[in-house]
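See structure below.
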Amino acid sequence: MQIKSVGIEALVIIGGDGTFAGGMIFNKEFNFPLIGIPATIDNDIFGTNFTIGYDTALNTVVEAIDKIRDTASSHKRLFFIEVMGRDAGHIALNVGVGAGAEEILIPEENLGLDRLLQSLRRSKKSGKSSSIVVVAEGDKIGKNVFELRDYVEEHLPEYEVRVSVLGHLQRGGSPSCFDRVLASRMGVKAVESILEGKTNYMVGSINNKMELTSLEKAVKSHSKINKELLRVSDIMST
Amino acid sequence: MQIKSVGIEALVIIGGDGTFAGGMIFNKEFNFPLIGIPATIDNDIFGTNFTIGYDTALNTVVEAIDKIRDTASSHKRLFFIEVMGRDAGHIALNVGVGAGAEEILIPEENLGLDRLLQSLRRSKKSGKSSSIVVVAEGDKIGKNVFELRDYVEEHLPEYEVRVSVLGHLQRGGSPSCFDRVLASRMGVKAVESILEGKTNYMVGSINNKMELTSLEKAVKSHSKINKELLRVSDIMST
Amino acid sequence: MQIKSVGIEALVIIGGDGTFAGGMIFNKEFNFPLIGIPATIDNDIFGTNFTIGYDTALNTVVEAIDKIRDTASSHKRLFFIEVMGRDAGHIALNVGVGAGAEEILIPEENLGLDRLLQSLRRSKKSGKSSSIVVVAEGDKIGKNVFELRDYVEEHLPEYEVRVSVLGHLQRGGSPSCFDRVLASRMGVKAVESILEGKTNYMVGSINNKMELTSLEKAVKSHSKINKELLRVSDIMST
Amino acid sequence: MQIKSVGIEALVIIGGDGTFAGGMIFNKEFNFPLIGIPATIDNDIFGTNFTIGYDTALNTVVEAIDKIRDTASSHKRLFFIEVMGRDAGHIALNVGVGAGAEEILIPEENLGLDRLLQSLRRSKKSGKSSSIVVVAEGDKIGKNVFELRDYVEEHLPEYEVRVSVLGHLQRGGSPSCFDRVLASRMGVKAVESILEGKTNYMVGSINNKMELTSLEKAVKSHSKINKELLRVSDIMST
């Protein structure tokens, strides 16, 4: 095995589900020790409260929504903002609360088109100067953001709907301090775990402590959405 | 006329073509003195090198493209970024040069689909790690950015195309220093012009001096794209 | 009491130690129910892992240090950056790790001038292109940042030292997503606690759950520096 | 001469006065063709309206001042912000106008301590919630920013003065779109000038056109402060 012949004794693999699953195959085939570090903007990895990149992405999206709201001065304007998250609504839910969205559509919950229309009607009646709807890519309504726009414009003709698809800009940018400190702590923990002979684990931040979870478990499960935040969002947007 | 009865003797109107055209109707009907200040992110007003908001929008878009490029590490990735500009390509052209785009599609020029494909093939051969195409809303190819994606993926199947539609986030954000200084200078000039009895003009910044152009002329013409920049873009992207 | 006569039944007080101490006096004198929400960039409040404003300040400072490092291309340059923190080193320690500072001087630990000089000599030998030292206002060495500069330039004449005193810019700026979500959750918890008759508490985020701590306890104690982070900083900077 | 032996036929030198002066010595000694490109945040080069880096620095400083103003809610607070500019007040003057400073102290004008105190007294009477004074490093009053603070606190004891010394963070950061486009245009012009045999010139942007100025002239003179902006500043701050 070439990797051993150059003196590499263990690998630190950084990524999400796919990276870890690949790593485990590699590990089984060659019995080569690994430690995983969770890094994905989606924050959907079991065994850690936070993945590297997630906090940075939240700030990027909130800044984008702030800029959209700056010009949302007409009460007939409705903004649909598509954010990343095919399987997990962590980004949508957090930026929705952080940016004061009227509605948040996430993969974990099927709000339903009826409730969306109701909510927008109510928002309009309450005299809000503008409405922002955050839509995760994988939202359960089953329409993409342009189909949603057409649907809403048809049923609520008093609205002009504008769409932003943030796309890959959510993956870039200079990392937040939180992400840098998290990455530094995880890196140190990963190396120390290897030195202690503990491998085939993923490093996670649980309750602000560095903890190890077996890679197998990390790949099999997913982190759950914070139900409290759904409630906070409902309270804040009414 | 109510506006006179409360002691208002002149109006400073701030906006683009529509605002000025409306102001001129108002002026003709009521013979009420006006001064216009050009403020639109599109920078397409005759009689000024720069409109208020334009420089801020350029920075916003360049920042967004920088974030997209951060993750564009695979040479099979192609990013189409739609920016504002239904009738004018000032934003697309400047951010395209500023962010090193491979191609820039603007309303003023019909590049043609063939040349686009050629250019992308050439870019791929040259070993670039990623390609970014900036598309103004009103580009002359006559396809929207999603139709363009489908067309390119069909003809260049080796590419995975990703789309960002920046939308109204381009209109917001904290103003750049350039825009603030421009706005302060235009505001002072507008008030001083009124005090000197010069009205029905638009204030403009021409060669870094505050100059007056008749509102009528400002509305009838449009600022032209900088041809030198088209050439710079061609040189930089090859 | 006027506040009752207008129908106010409880107060949510937002701030740090001083605010809470004042609130408790008010509470004792008038027996008026209160809930405290911790908001200070210093993050030194007992009963919560995070105070509102702290995460935003960390990002602001890290961005500033990044800009300083951009130009730190000469290996003879040394940058001393004074950050807030008269009694607590949370900001200095986290931004120091986040921005890769060579040394971090905090109120909780007296590094000593000798070790500072040693560390800078070692950093120079290791061929680093520049060195950044983060200094909390209340660092225990007992010299202000300009006196430190003079001391270091005298003892390490091969260095040119540059100083930035960030000052109050650390208190401003648009809040990070983390701070917004934290503030929303704390606000909801505060109101719900009042409705449940639980008052004279401070809302805190402990292990990512909203928890109550008596205001008295919150005022008497302080949050401790994270010792693990001191170790991470030592490891990362050598 | 080694540089010729490896096939280099001309140099494009990028920098300020010092770079150009050095280049001219090199040119005289070896008769080696040069083209200069002006790049300094100070914008004090003759032969160009804008130097590369200047626009980016203006935005950096205005952002910093915005953050300071965010917390300047008490009318007893006075902020002195030291910005770069030992010999030229371009940065101070533009950010002062852009951020709405009450006073701007620059090397080109000696405002005098008396007028500063007068202005601050007037600002206080007018009920402003806070006052910001921008101080160029090389301001002509002859006191550094901390001595100024002490002087003002002694003579206007009703004020609490806070100081920020922005330092080298003004030199870093991601370039603005304006600076990127300027740099691209200057680069193209520099290469084209060399190809046309026009050397020992500096490329400049004059009235938005790329123009050549002899390096000798560029080094001997300096760009002047915009007097109109001094007037705008006076009008805006009263």
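Think of it as A, B, C and D in the order they're written, each chain with its own count starting at 1.
Note that in this section a residue touches a chain if its C-beta (ideal position, glycine included) is under 8 Å from a C-beta of that chain, and two chains touch if they have at least 3 such contacts.
Quantities reported herein were computed from a predicted structural model and do not represent experimental measurements.
Visitor: Please identify each chain that touches chain A as well as chain B.
Guide: none
Visitor: Please identify which chain has its centre, taken as the mean of its CA atoms, farthest from the centre of chain D.
Guide: The chain lying farthest from chain D is A.
Visitor: Hey, which one of A-C, B-D or C-D is the same interface as A-B, over half the contact pairs lining up?
Guide: Of the listed pairs A-C, B-D or C-D, the one copying the A-B interface is C-D.
Visitor: Using mean CA coordinates as chain centres, what's the gap between chain A and chain D in Å?
Guide: 41
Visitor: How many Å are there between the centre of chain A and the centre of chain C, using C-alpha atoms for each centre?
Guide: 27
Visitor: By the touch rule stated above, which residues of chain D touch at least two different other chains?
Guide: Within chain D, residues 66 contact more than one other chain.
Visitor: Which chains touch, pair by pair?
Guide: According to the stated criterion, the contacting chain pairs are A-B, A-C, B-D, C-D.
Visitor: Would you tell me which residues of chain A are touching chain B in their complex?
Guide: Interface residues on the chain A side: 60, 64-72, 79, 162-173.
Visitor: Which positions of chain D touch chain B when the two form their complex?
Guide: Residues in contact with chain B: 49, 55, 58-59, 61-63, 66, 94-95, 97-99, 174, 176-178, 180-181, 184-185, 188, 207-208, 210, 228-229, 231-232, 235-236.
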